[in-house]
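Some structures to go through are shown next.
Okay, so chain A shows up in both of these, paired with chain B first and chain C after.
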Partner chain A sequence: MTETYTLKIRRYDPESGSAAYWEEFGVDLPPERSVLDGILQARDRQDGSIAIRCSCQAAICGSCGVRINGKSRLACNTKIGLAAEAAPNGAIVVEPMGNMPVLKDLIVDMDAVHWKKVQRVVPWLLPEGDPPEREYIVDPESMIDVTQAMACIHCGVCVSACLSMEVDPDFIGPAALAKAYRFVGDPRDAHAEDRLLDLAEDPHGIYDCTHCFACVEVCPKDVAPMNQIMRLRRRATGDYGIKDANNGYGHEKAFTDLIHKYGWLSEAQLLPKSYGDGSLIRAQLKPAAVRELAAKFPTIVRGLASGKVSPKTALIHHKLRDQDEIRRIYDEVESKDDRLELNLYIIGEDGSEEGEAAGSGGGAEEGAMAEGGQES
Partner chain B sequence: MPSHDVLVIGAGLAGQRAALAAAEEGASVGILSKVHPVRSHSNAAQGGINAALNPEDSWESHAFDTVKGSDYLGDQDAIEVMCREAPDEILTLEHLGVTFHRNEEGRLGTRAFGGASAARTYYVADITGQAILHVLYEQLMRHDEVYRYEEYFTTKLVLDDDGHAAGCVARQMRDGTMELFAAKTVILACGGNGQIYNPTTNALICTGDGIAMAYRAGAPLMDMEMVQYHPTTLAGNGLLITEGARGEGAHLYNAQGERFMEKYAPNKMELASRDVVSRAEQTEIDEGRGFPDGTVALDITQVPRKRIHEALREIVNVGRDFAGVDITREPIHIKPGNHYTMGGVKTDKDGHTGVPGLYAAGEVACVSVHGGNRLGANSLLDTLVFGRRSGKDAAAHARNHRMPEPPHSHVSDEEATLSELVGRDRDGRRVSEIRADLGKVMDEHVAVFRDEDGLLEAAQTVQRLKEEAKTVAIDDKGTIFNQDLFGAIELGFMLDNAECVIVGALERKESRGAQFRTDHPERDDDEWLKHIDLTLDGDRPNVTYSEVTLTRWEPEERKY
Partner chain C sequence: MKLAYWPGCVSRGFTPELHGAMAAVAPKLGLELVQLDRANCCGAGVIAEHNQELVDTLNARTFALAQSVDGAAGMVNICSTCQGAQSECQERLDADAAYRAHINEHLEPEGLEYEKGGAWWNKNFLWLLVEEIGLDVLRDRVVRPLEGLRVGPFYGCYIVRPTRRLGFEFYPERDRYLEMVIEACGAEPVQYAGSHKCCGFPIVTLHRENSLRQAGRHMADALDAGADCVVTPCPLCHLNLDLQQPEARPFVERDLGMPVLHLPQLVGLALGLDIKDLGLHRHVVKTDPVQEKVAALAGAA
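And then the complex of A and B:
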């Protein structure tokens, strides 16, 4: 059944010489249709000059990234009824994506930001030597594993939502780093270590992500870009022992060590430990670390002066009451033979491995192709 | 003026593959697209790509399945080429980085697909087209000798005085400037015309631009009446559920819970050819055994959930986001929906069209390898094999030709036409209104079942819409991303396409492949084992016929 919705669209016409403005359109649609259907109806019936990139209407082509009620999304897979429920004052607010320059109405310059960053990660396979006569023989799970990153449609929604990029526009960012994992995780690529070293040493690389989950939340294809970034970090440190000049590695180690020890973060120890690869003593031996610590001194003073921290809470850190539970989590994770990976192509939506064992590959397929009826 | 040895229009799989092949031959290549290349509709090919790569399989078997699938309208020499070259194409893609599914030994693994006598469909989960498209684009990013013109809308082809292709006129969408491109050869790779139907599984960009531009430039079109309806599309919005679902073991049921394919294709059941399954579904629906929303049910629940998550993840999302159904737990309602353009610009095995120097590859072209009905997972193969062959041939052709110098009047003429359109008073109908009427009449009368009365009515409607299109009015008066203007140009392309589909469907007085005439329900090899060619004559298509090439397979009765 059709209902009436109000779309409040951010308009911008660079040829008018005027600033961006809001314009409201009333549209009639059943609630299960999409916000894109609403925008197209407004364009078809009321104002043909509304500009938005769109094509497949099925969340495959990645054209229609926008912000709806402040949240970065694809317009085509956002139901208009749900968007209306979440809308302030009933009007569904539609704006162009963030972190990218606006060209007209809802169209942003993806080339200037997103595609430039993709180009930065050397986005093509670099195998060693000539290809084999037939296919490369690789572990079947590895192909399913990188398929999660391959599922990226380059819509830019994660780029739009990225808080790190808001602070550091040079941050390579979630989409391009997920693309990097697609090569690092691909056993046919011979340059995983070079790639990781490059991305770890770049001050705008893998350690520039602040772990805020915004990209994971907004990604319409479940690529979970932040997870791919974390996997790049784990491969960099765990597989290749890369210790980057930016101390990203040291910071992460200090962080996990402190949680292991206290169950919560000891800010006073975090900085010095970060600079000493996780060790307070080594930090004091490194001139660079001392310099960096000295530079942080005013921040510490401000914290003390404002009463945000007291010397007692800062320096004498107590453990959590149920600290053993935290340790148990560490033990559990570290006792696994394989690294735990969150990959929806492998574990499914609810994280429970159901049905048959992992290798339903070759044999089961050949069975399934038996002529006609496949009732087993 | 930008000039290239080889100018490719369209940057989906066929276009990108052609560009890479031409560049490999040392040609200077330009590739234009009205969308960023990764937005191309090749993305939507979910299920996979066919090749007889297994030692137990053979290209002859693949070719026979394709010939049979085409209802013997496919040209067998071209089908042989496609099936012979398929394994190498798969290996090339694999070496470039496509993350094809592996079996337990780590070798390329396959899934079953409709109309095939062996499991020979290679795939990446259910994002095969997307994965290949993105990997080819990686190569374009790597090779800067291929010059990319992204978001350039081509409005017409340019020929020289001898009738040889000489380039095109295109509008840079971002700032509205019109540019003349000079080229020794032009390859059309702009996809099909699904948008002339509503609903359709096709993206909004699939407006038959290349077919119409070639037709207007004098190239013959072929078998335009052959329009594929895919058996599993969502009722409301036409979204596609991959054939891979049935390949993985999903069943079809009518509202009475009967697995009705038993009646229509007792051997292949749900994996019969698409035209066969679509007709079966439409018959069930028309005879009152469908659901009230005009659908039947696709049941995927017997496929293990683990397998669904790794191999059919995209349609889990489609079901959830666009139909509100968890396909791992309940059946989903589907019906036949417009999907693929088997006809198109008539070409030979190397992509040559009727205009010298003009090539066509992919869905825009009609080689014909699909004949009356395309098999699932043969479309990606078609784009890649004939994209590569066109690119290679065009590069060779360019070596023996001087760079043409088309006069600037081509641009000024186009500019004048478009300015008139933009400046026009708002007396006429809107683009969207005409487009809606077109989609409706095509889906009503030029769909799974056709007859003369319906087709004549459709023809009349299209003539009226063509008149109305001459005074169509647009709102946007600007130059930057004037999508309103592009919509009006596309409307003209679409109406030419629709007219040709209807003329072909009226002409072919038999039932073959996707063309089912209720007033001529039998296949008639004596009279109609031939292609229908359409050439622009004045402002109407002129009908001629050409032979179907048979090599080793004589037509026989088609049963699944």
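And then the complex of A and C:
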């Protein structure tokens, strides 16, 4: 059944010399049609100058990213009826994506931001040595491992939503870093370590992600860019021991070591240890660490002065009653050669509850992926 | 209602006023909290970044300890970050029987086991208030409606994203609960740009400037929207928004002075509890404007 909806579209034409403004359009569509259908109808019937980019209308080409009621989305896979339910005051608010300059109306400059950042991570394979006579042979597990990152359609929706980019336009960002994992995780690539070193040392690289889940929430293809960034960090620290100048390594090491030792966190110890690659002693010796700590000092003093932190909390941390159990678990898990990861993207939300065992912990660690799907 | 209670690390470290406020509020709401003293840190996303099997095991252990509390309706936490980090592990544990069995093997020596849950749940105090206690009950118990107090909600990322993992399918209004609780307390919710954004805490040691710029911006936005204070269910957000607020100042180039309350403190004020018992005097950013408004209410009553 056809209904009438109101679209409140943000209009902007740089050539006109005037500022951006809002304009409302009434459209008639069944609720299951898309917001994109609504925009196209308004353009056809009312104002041919509305600018929007689109092609496939099936969430494949990645060209129709916009913000609908403040949320970054593809216009073509957002149902207009649902958008209307979520709309403030009944009008569906449609704006261009965030974190990218607007070219006209709903079209943003993807080249200036998204594609530039993708270029930044060297988005092609860098194999070494002579190519094999025939095709490269890669075991299925390692390709399954990167399929999630490969599902990206480069719509820029995650870039639009990214909260680190909002305060730091230089942040490499979710889509490009997910792309980086696609090559770091590819066994044919010979430069995983160089890539990781580069992304770990860049102040706008993997350690500039504020872990806000915004990209995970909005990605129409379930790429979960943040998870790929965490995997980059895991490889950088765990596999290559890269001690970066951003303290990414130190922070992770200090945190995990403290829980190993005490079972629960002591912020007062976390800070100094973070700046010393996880070591309290080194933190006193590294000039950069001393500088950082000095910058931190007022914070801790203020905590003490406000009465919220007692010197006792700041300086003395006690172990949990069952700390031996925590240590045993650490040792059991960390003594393994391979990390076990269960990726719900691969096995599906309900996993193998009824079906085959995944990641049963036997010989094949990372087994959840290996067993999740053989064809790829 | 009897509950297994996971206070988290930060509420017993750098935000002890939160722990105290929760202890004061619980009896007023008829909650019996059985604190999980043996349970461990949730990992706050960092252990997950380091090793997934490890963090899943550590949190399965916490769940198992909570499940063994006799007669408890479920588990309650007072930290958005604990909620999110634990929900992430629970999602994996619940998704796959073989994986769950494997993780449980690590708990066997301790005689513990995480059982996939039927009716068992782990809820932040915010969710508990709305879903288990009920806003009607809360309204009934309010003895000091916080009339005229303008409060900006600040959720913390971990409790609002990703919606799919956090049960929004069943509780679609979980991203509006703070506003609802603020209203139930008689105060006025204030809309501003940052309410559902990131406080910046996760990168405060990794990229300090970007971290504090986030914190500063949100507090400035709340200020511009006319908020008297901000309220958060997350002590990690509190660290960046309150403890670090003076540090954020240079990055937004303006005075802020925005008081940041913990959720149990706001509820406690409405329940008539004393400022001191709620630890409002132990903040870095002075809560005087809030205290004065509350005192004026008491005077009028």
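Assume the second predicted complex is superposed on the first by the 287 of 376 C-alpha atoms of A that agree within 3 Å, B and C clash if a C-alpha of one lies under 4 Å from a C-alpha of the other, contacts with A are read in each partner's own complex, and residues count from 1 in each chain.
The rule is simple: a residue touches a chain if its C-beta (ideal position, glycine included) is under 8 Å from a C-beta of that chain, and two chains touch if they have at least 3 such contacts.
Model, not experiment: these values are computed from the prediction.
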First, second, both or neither for A:Gln57, with chain B first and chain C second: first
Partner chain in contact with A:Met150 - chain B first, chain C second, else both or neither: first
Chain B versus chain C as contact partner of A:Arg134, first or second or both or neither: first
First, second, both or neither for A:Lys116, with chain B first and chain C second: neither
Partner chain(s) touched by A:Asp168 [first = chain B, second = chain C, both, neither]: second
Chain B versus chain C as contact partner of A:Gly263, first or second or both or neither: second
Contacts of A:His318 with chain B and chain C, given as first, second, both or neither: neither
Interface residues of chain A shared between complexes with chain B and chain C: 344, 347-349, 353, 358-361, 368
Residue ranges of chain A touching chain C (in the complex, touch as defined): 163-164, 166-168, 171, 203, 207-214, 216-217, 230, 233-234, 237-238, 246-248, 250-252, 255-256, 259, 263-268, 270-271, 274-275, 292, 295, 298-299, 302-303, 306-309, 313, 320-322, 325-326, 328-330, 332-334, 339-342, 344, 347-353, 357-361, 368
Chain A to chain B touching residues, read off their complex: 13-15, 32-33, 43-45, 47-49, 51-63, 77, 103-105, 107, 110-111, 118-119, 123-125, 127, 131, 134-140, 143-144, 146-147, 150-151, 153-154, 182-183, 186, 188-189, 221-222, 344-349, 353-356, 358-366, 368-369, 371-374
Contact footprint of chain A on chain B as seen in their complex: 35-36, 38-41, 43-44, 91, 94-97, 99-112, 118-119, 124-125, 127, 130-131, 134-135, 138-139, 141-142, 150, 174, 203-205, 236-237, 239-240, 247-249, 265-269, 271, 304-307, 309-310, 313-314, 316-318, 321-322, 324, 430-433, 474-484, 487
Touch list for chain C against partner chain A, complex: 9-10, 12-17, 37-41, 43-54, 56-58, 61, 84, 91-92, 95-99, 101-102, 105-106, 109-110, 157-158, 161-163, 197-198, 200, 202-203, 205-208, 210-211, 213-214, 217, 239, 243-244, 246-247, 279, 281-284
